[in-house]
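By written order: A, B, C, D, E and F. Residues from 1 in each chain.
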């Protein structure tokens, strides 16, 4: 009984997470700025982490949590790579702007 | 379950198509590589889907597991993913060089430059 | 059989493969020597394997000692032995002769990367030739492909880069198609071992996934093998690669894909799909004929010497496919033999180009002026290899064309038309080879004298080795003929001859 | 040295000679020419030493390698080939002698290449002569084409290269496009390509196929210059005179008609061919070539071009004679190869000598030249008479046998052609002779020149002498050729 | 219910894929690629492929995003509005898709335990892994031993990609080792205080996680490749935070090349050791007196080799790209 | 006791799911970058805390709980950092709160 109800709760959370992931995808596609997309991607990543954490229990395979851990960290690095990209782009533009003058 | 099965193969086909279209129709070299990545991802999906067994679980001996999905397609796709990323990395290296030499990463512009 | 001899199939791949990381670590000065040594060793192993195959039939090898359908099996039969000889031989010849040329093209500070990639290309090609596992073939195909992209990208001209990018894209699409095909077969049979696959496919033959798999594998490998009209990556890649690398790749890279194609189409599908022979005749043969005619035709009007020879390669691949599409012992013998002979001829030609290019102002036909006088010996070898490409008797190229024509003749009336195509193709070859010869003998010599005065001796020796091999195998084709007729029998009837 | 070894040595000797010539050239020009003459003499010795045993009926053969099942590279000496080889090796000596004078007299460039390729050409020629089967023959036939290409294109300027392109283009196209398929067809039908007395095709082919195969052979053997594949021969006139001599007298065209004869005699077999329908056309084709080429020659103003068209006509004598398909005519064909060789080489030597000494190439310039170059013009006269077929020259002997063969076959077309062409030959040769000896010298200040350098004069005297000698002493040759047709 | 999840994820995947192809801005496309990659990874997990899901996440969302962004920051991020021959391309693509769909007729039922995939070779692996190796993760068993030769090939594919990028980017006009980089290229994100602190805090954990995945691969999902990617990611994070020059001080180029070559050599050496000790190539059973121990030892060693090579190659590639920003 | 834990975890999970959903809707509906960032943070912080603690309660005391704790820690450390850096980058690049933004271009 309790098992079943827990399962039901897992399903509910999973569903909510999935919907949010969908919304994040919509945001990533709509934009409108690059920063919105980065935000959406980051959010999508964390939601994936949540989703997989729940699914691991849903499937009864807690050893999948290693995987979830990895997701959380990798996602973080992705965001930093994006930031570095922005920084370099800004510096580049500044450089070329100065050169233009 | 069967709905999902059919859906997997359709998604495989459509994803393959989307990626392939990007590879042959897009003129931007990076876009081609992105298309290639999607193209390969579709194939990965094909393999993994065929390895799934109803009622099975991940092929790691665990407490309660009785039946396992097939480990072989997973191994193959692990290798294929690595091959894919290697190809992408090499392709990006070439793109960077092309940009430096030609100042463009559009296929048509490069052809134009070479024709001159 | 002593234990080391039993390990030969594995060593064939391992020796060049493991030498590659060592090349990265060794002092720069040694990288060429290490690469050449590994390549020669591989050639020795290939020779040893060939001897074993001729003496006692196919050799099988279980990787990691796991039994066949579960572990990965290697197997060497006559066809693989033939291919191994071509691959390792071409590599050794090009490496031994090509040091100076490569140093000039690649630059000495990054040479060691290049040699490491070369060894991996060699290992990849050899790995395909010995493998008896469908997926393993894919892995080694990718090693060799990625490595050959690197080799092509080493070309000094910037146009090498777009060329290699196109090569990469089309090569990867081809490999992925192959992967899809393998996946579909695996889905229907549950196995990846080629022999096991062949047995198990019989139960599910003519089901849609298998038919689609045949299509995907054929198209994917045709892309890799540059079969007309999927050859568009080849001319530029061959033109702008370093000359020595072109010699190596032109001699064996596409051949290996053709080999896999033959393996699949005959070994796995032939017995099991109804109407298979008809499909060969209906689809591959017209493509082969078009490939011969279009490739030769473009070559006739091409002004860049290397691209001319590259288009000639497209035509020569057409000959091989034409032989295969006859689906007869004679046709397959011709196809496999031509695989060998064309490698000899093209390898020699591109090596000679490597020797001549530094003496000339460029690679256009008119830049070849005066070459015959500046480097008479090299040029003579070029002519010999060119004659082999045309198919003049006394050279290797003739023998395979002879078999092709004989096989076509066995068809009766339609065969006459095929003979016409072969003859026409040969005549076109006369034209394009002769355009080079003529401009080299009688063209205007370059305005300012050559930068480097002489052909390096090792390169000259390599070129002459190739040229003499063309003559030798034209007069005494016993060895390749034996291998290829046995290969044809294996492909068709499954009984080792 | 056994006969087998001698054969192999004969084929290989010029090749090594070529190497020796190339090496000797590094020391000096004299050494190079000495090496050439030495090689030529050694080759002649080798070849001629085979003759006696052949007259006694021996047929030495040797096989080198089996290329394909049933197809080997093999050599066998039989009378026809012996005759050809003996002729070529003999004329090489004389031609080398002549070349020394000509090449030095005209200060030609690339002399080393010239001598080396000449030697390679001779190797190919001997290979053709001694080939034991069609395949081997084809091999050396192509080798000869390639080896002579640099000789034809010797000058290397634009028009020369264009002409040389015609030369190699026609020869390669016909050989690969027609000759080779004919060989493969033969192989497919008979299972072998060996030359065998009486032919190998008898009963293997039927109906129009025989005629078609014959057509493939005759047109495919472009070197025989049967119209319409004769275009290469006039085009090749751009070459230096010794090369023309090589082409016309020593090797190339002779290889062509020799091959045709050999195919007719040893592949088809004359009796089989005679019995087969649809083969008579060859006589007509040859006859047409003879008449047409003679007419064209008649209209030429350039001496060497005239000689070239004369050669086209004379070659077709051989083809026609072979095509008459009677033993006497076959003998005539063989002898005509020899007779024409002596006559034509004399004519070319003379033309070259005139060019060397006086730089004259056109017919109208030759007025009165006989007084300045009496020896040369005397030789020229003898050569011309031989072409026409007047005794006491070699040309008479061969024409006699061909006529006899034509009578035997009741072939009136051939008869008429011979008569008509003889008249035409006379019509274009005799005016030259007359002009040279009797017309007053034209031109404003009379040019001062004498004979060409002595090696050239010596050479042409020798060949002129041979032309006459062949009329007087042709017994062994006849005996040899009788064996061809008399053999079982 | 999982069916619904699967369908939902796949639909999102398709939408994302279309958006990727249509995106005019390459940066946007790369972002969406990251999302698509996570979606694929989640789908893999639903299909019981934990190891593959881990790899796809590490590669698709991590490594490949970093690589694409590195390349984009050198090249340009905008795609010109043009595609070549869209109609012909569509026709070709549709033909391919039709063949694919045709091929799905008459295929085995999805998840059917009787399908050849589940009845022919796989059961042997599932059965024998326990017997021969006594490790729970069958994927690792197949990868490391049963089909270890493929994995050897995979390592060399990675190696050749590394060699290729090093080769390509150590020449050409953009390469000038003498030129000092502009100040902004050196800086990294060191002026962003909060990320810097948080990042530095995390790096040890990431490294630890990498090592855990490396050596836990026989028991749970993971193995050398994933671990290599994670460790490389940690170093890349360091480089992003402190500037790549500082990262190079920690792990200089020669060390990286040593890592990538060394890993490949280690793998090969294990294989050759198999020959020397009387077995076939890559036969680990002979590595110890007890064949099970030998297998385990062999797998451990080759996984270490894989990890080394992957780390070395990924970092080399990253630095090669970064060095081009001058 | 077990019942109590179960109930607590259900409540946590429900609330977590709700928070995640609300945050997602907010991300879609909010007018500009900075307000969207707020909404996204709801999912990352509140949502994550609630959901993961809910699961932790289910899992009981085991290795899994420790791992879950680690995951939560990472999430709480990384996502605010990422948001902060992103906001800083956007501000530096000149994106003002409330301003109408041009499309950086998908299609």
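Brief remarks follow.
Please note the rule applied: a residue touches a chain if its C-beta (ideal position, glycine included) is under 8 Å from a C-beta of that chain, and two chains touch if they have at least 3 such contacts.
None of these values were measured; they are calculated from a predicted model.
Shared contact partners of chain C and chain F are E. Fewest steps needed to get from chain C to chain D, stepping only to touching chains, is 1. Of all chains, the one whose Cα centroid sits at the greatest distance from that of chain D is F.
Taking each chain's centre as the average of its CA atoms, chain A and chain C sit 47 Å apart.
Measuring from the averaged C-alpha position of chain E to that of chain F gives a distance of 27 Å. We define each chain's centre as the mean of its Cα atoms; on that basis chain D and chain E are separated by 74 Å. Contacts with at least two other chains are made by residues 19, 25, 28, 50, 70, 72, 100, 104, 107, 115, 117-118, 121-122, 125, 147, 150, 153-154, 157, 160-161, 164, 168, 189, 192, 195, 199, 202, 205, 219-221 of chain E.
Multi-chain contact residues of chain F (touching two or more other chains): 70, 74, 78, 81-82, 85, 104-106. Counting partner chains per residue, chain A shows two or more touched chains at residues 21-22, 24, 29, 31, 34, 37-38, 40, 61, 63-64, 66, 69, 73, 75-76, 80, 83, 87. Chain pairs recorded as touching, per the definition above, are A-B, A-E, A-F, B-C, B-E, C-D, C-E, E-F. The part of chain A that touches chain F in the complex is made up of residues 2, 5-6, 9-10, 12-13, 15-17, 19-24, 26-27, 29-40, 42-43, 46-47, 49-50, 53-54, 57, 62, 65-66, 68-69, 72-73, 75-76, 79-80, 83, 86-87, 90.
Remark: chain F residues 70, 74, 77-78, 81-82, 84-85, 88, 104-107 touch chain E in the complex.
Here chain A touches chain E in the complex through residues 11, 14, 18, 21-22, 24-25, 28-29, 31, 34, 37-38, 40-41, 44-45, 48, 51-52, 55, 61, 63-64, 66-67, 69-71, 73-78, 80-85, 87-89, 91-92, 94-95, going by the rule given at the top. Residues 57-58, 60, 62, 64 of chain B touch chain A in their complex. Here chain E touches chain F in the complex through residues 19, 22-25, 28, 78, 189, 192, 194-195, 198-199, 201-202, 205, going by the rule given at the top.
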